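First the structure, then my questions, so here it is.
We call the chains A, B, C, D, E and F, going by the order they appear; numbering starts again at 1 in every chain.
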Amino acid sequence: MSKVAIYAGTFDPITRGHQDLIARSLTFCDRLVVAVAANSAKTPLFSSDERMALVRAAVGDDPRVDVRKLEGQLLVDFAREVGARLLIRGLRAVSDFEYEFQMALMNRHLAPIETVFMVPSLDTTYISSSIVREVARYGGEVDDLLHPAVAAALKAKIAERRAER
Amino acid sequence: MSKVAIYAGTFDPITRGHQDLIARSLTFCDRLVVAVAANSAKTPLFSSDERMALVRAAVGDDPRVDVRKLEGQLLVDFAREVGARLLIRGLRAVSDFEYEFQMALMNRHLAPIETVFMVPSLDTTYISSSIVREVARYGGEVDDLLHPAVAAALKAKIAERRAER
Amino acid sequence: MSKVAIYAGTFDPITRGHQDLIARSLTFCDRLVVAVAANSAKTPLFSSDERMALVRAAVGDDPRVDVRKLEGQLLVDFAREVGARLLIRGLRAVSDFEYEFQMALMNRHLAPIETVFMVPSLDTTYISSSIVREVARYGGEVDDLLHPAVAAALKAKIAERRAER
Amino acid sequence: MSKVAIYAGTFDPITRGHQDLIARSLTFCDRLVVAVAANSAKTPLFSSDERMALVRAAVGDDPRVDVRKLEGQLLVDFAREVGARLLIRGLRAVSDFEYEFQMALMNRHLAPIETVFMVPSLDTTYISSSIVREVARYGGEVDDLLHPAVAAALKAKIAERRAER
Amino acid sequence: MSKVAIYAGTFDPITRGHQDLIARSLTFCDRLVVAVAANSAKTPLFSSDERMALVRAAVGDDPRVDVRKLEGQLLVDFAREVGARLLIRGLRAVSDFEYEFQMALMNRHLAPIETVFMVPSLDTTYISSSIVREVARYGGEVDDLLHPAVAAALKAKIAERRAER
Amino acid sequence: MSKVAIYAGTFDPITRGHQDLIARSLTFCDRLVVAVAANSAKTPLFSSDERMALVRAAVGDDPRVDVRKLEGQLLVDFAREVGARLLIRGLRAVSDFEYEFQMALMNRHLAPIETVFMVPSLDTTYISSSIVREVARYGGEVDDLLHPAVAAALKAKIAERRAER
């Protein structure tokens, strides 16, 4: 039986840190579903369709990776639908760890699903979508933090927002 | 002289985790005042009157427990009014711990009041009001996380909100 | 060559904790630029000009300290402009530490700039601008947490806000 | 290709917490090698052969689990020998997390090997071999913390030690 | 019914930090048993009888405080003997917190006993018995960290040890 | 007046992580005294003279760096002797942070001395003297973790120890 895993997030936008984790998880999963959360507490910079397109651009056409929208349902219900019993999470910091720990326990309470945590590549530890958005907003260089297609999309989006104001 | 303690929070809504802590604190307090904070940074799902009613429903009619609204005053002033010199807090995680620590020191700076921290029951560590609200919003099962009256009220509230949209 | 350092923050308003850190950093820096961040995620209580004036009032006229506005640019670009290669940060708690760590790495990635962390004076560990604002809002005593000019400005601002409602 | 993973430790003795993690890791590994570290900084209570026998007794004869001694070599070299590219670790606490994080990075530096972290079952979070040994030493009940064969061996070992003194 | 609590430790020797916690716990306990652990992993500087005498000297003759030796039994069994159902612990740091948390859960598993954590006075946060011993060993000043009788005993003990070598 | 700082440790042996921190601290100190602690709780692999020689070899002949032995005195007394009022510490992890915090407060209590914390280079975060010694002991590659002269000395020392047994 093949092992299907889920890697869920907002991906606003996908960074080299996310790409690194996707690559690492494929060393022990047969198939990985990247679940792009449509709604989050904060209004995202990119629409959910844009975010899915950028994940696809960054991941390339690896047949083992599937990009899907997660909307209006619990992650454990989504997992049942796609046949996954494994959730992948990156752990960077202690504060991540505690929230993730609580979510892993709640998910396990709700369904027979396991969460495994991985350590991201060292040179991506300081990259998060929110910091990357802020650096780009003030004209900082983000080319080595993002896939070229994502970097271009981020610059275009910020120019567009600036023009609107 | 009887020992009066305060257990303050938003209780939006009260969970089995809160109930567990209330029961444990009664092993060394003679009277416990549950202080329901009327205003919080985020808009609560239930009104403060609803939240107080749900606390009362979950706690039952234990004469040692008193449910009160905390509104427009510092916790240390409220404590003076109800004759309490002890604050009870649950500690689940390191991040809780640090904020709580800072608040305990500030409260002690403002008034002669001590804070004691308790460890919640293991099977309630992954239960928080915010996670419970989210699980319920997407149709997940919350019956073993909440008192029956609270679970019913939460389902009704979410159905009501959905109807409004 | 003289050593210039930057101490950046929102300072809404400056507390005795901030003043303590400024004094300590002058034991090894020749000049300190206090950078008052004009825009933050949350709407500040004081305008950026008010916040700068309060920093100046609290620091006094020490010729080694310069108060500037940080607006619309990355901290590393601001640092280049003022000729600083050192950032000063206070560390109170583990959760501070992790975010600060990530920012220090990102800043170092963007420019040749080092971050050094200092331990604030013990009797200021529970003082933060947000807790001080909340204590003042409910009529608590803030005179020993703030410089007299800052305490007066905070009381006036809160009275003004109350009158507006 | 089958996925082989390693779960390494001192297992002095194996607890229900370890058993729980072994069972969970088999939901995504095809084969698991339990590596019993022969030498540790502290003198173990049980010899390495006894500890291996107790692991076998607790795990039962699951053909997917292999118990081996780890002695005189780096874990990454052992992994290469047994054909594993995945290390399994349990994460209970923040302090665990940081040491484990550092080891995961060092192992990745030494060889192409990934570490995944799992959350143990809640009702095993307070069980560690060292606490179990201490409880047993003072006559406390350990029957619900250990496999029956392990509990019996621990009581016998402690009686034997007492007789020697 | 009176509330009896236990405050257990090695007290090698008792510091002003310990004294502070004892005083604070008496604001909500009727009687406090200070349990001096006779054996610890590391060889203590003072014998258990000396450590008990120093606790008594530092605490003075408060009839609510009882000093006892804890030897050869589990803390939960000791608690049953002295009629206590409450353990008092001081929390200074996150690393304390996690170990204490695990012990609180194990003790609760073994017996109907609750642990409450308190925040020590700010000006004692950097005082621990081990740091105090090290400062005294190299001739540093410990008079403001210890009760006068304890400071005198520590200086005498260190002089005695030096003479022996 | 020139700024003198101290970087103290066991350096058993000095790693690229230590070298990185020394280089970074020279961006804001005029002179750095590397203090090699002669006695530590654990028996070091290298003698204090060997450790000092390896620090010198790794640092090269930078006139701003002075290597000294720290023996039989408090760090604050040593600092007074060498005219330093600044201590440099590397911060890698939360657990480091707490102990370091406590020591910084105690040192400040004992003398007018400040501690500043720096973030090591990312690619050295998983390097510690103890992990390096263990990797070398089992024949792992340490050439990219240590200065060539230090790597050679470590291999020689381990071969020597092996021959003695």
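By definition in this document, contacts are C-beta pairs under 8 Å (C-beta built on N, C-alpha and C of every residue); 3 or more make two chains touch, one makes a residue touch a chain.
Just so we're clear, the structure is a prediction, and the values are computed from it rather than from any experiment.
Colleague: Touching both chain A and chain B: give me those chains, sorted by label.
Modeller: Per touch definition, common to chain A and chain B: C, D.
Colleague: How short can a chain-to-chain path be from chain C to chain D, counted in steps between touching chains?
Modeller: Counted as steps through touching chains, the separation is 2.
Colleague: Average the CA atoms of each chain to get its centre, and name the chain whose centre is farthest from that of chain D.
Modeller: If we average the C-alpha coordinates per chain, C ends up farthest from chain D.
Colleague: Going by the touch criterion at the top, tell me which pair is linked by more C-beta contacts: C-F or A-C.
Modeller: C-F
Colleague: I want to confirm something about chain A and chain D. Since they are copies of the same sequence, is their interface symmetric in residue numbering (over half shared, so same) or not (under half, so different)?
Modeller: Same: when the shared numbers are divided by all numbers used, the fraction is over half.
Colleague: With chain centres defined as C-alpha means, what is the inter-centre distance between chain D and chain E in Å?
Modeller: Computed from C-alpha means, the inter-chain centre distance equals 34 Å.
Colleague: What are the residues of chain F that contact at least two other chains?
Modeller: 94-95, 98, 101, 105, 122, 125-126 - these are the residues of chain F that touch more than one other chain.
Colleague: So which chains end up touching which?
Modeller: A-B, A-C, A-D, A-F, B-C, B-D, B-E, C-E, C-F, D-E, D-F, E-F
Colleague: Residue numbers of chain D touching chain F in their complex, please.
Modeller: 72-74, 76-77, 94-95, 98-99, 101-103, 105-106, 109-110
Colleague: Along chain B, where are the residues that touch chain A in the complex?
Modeller: 92-95, 125-128, 131, 135, 138-141
Colleague: Quick check on the complex: what are the chain C residues that touch chain E?
Modeller: My answer: residues 94, 122-123, 125-126.
Colleague: Per the contact definition, I'd like the list of chain D residues that touch chain A in the complex.
Modeller: 3, 5, 24, 27-29, 85-86, 91, 94, 97-98, 101, 104-105, 108, 114-119, 122
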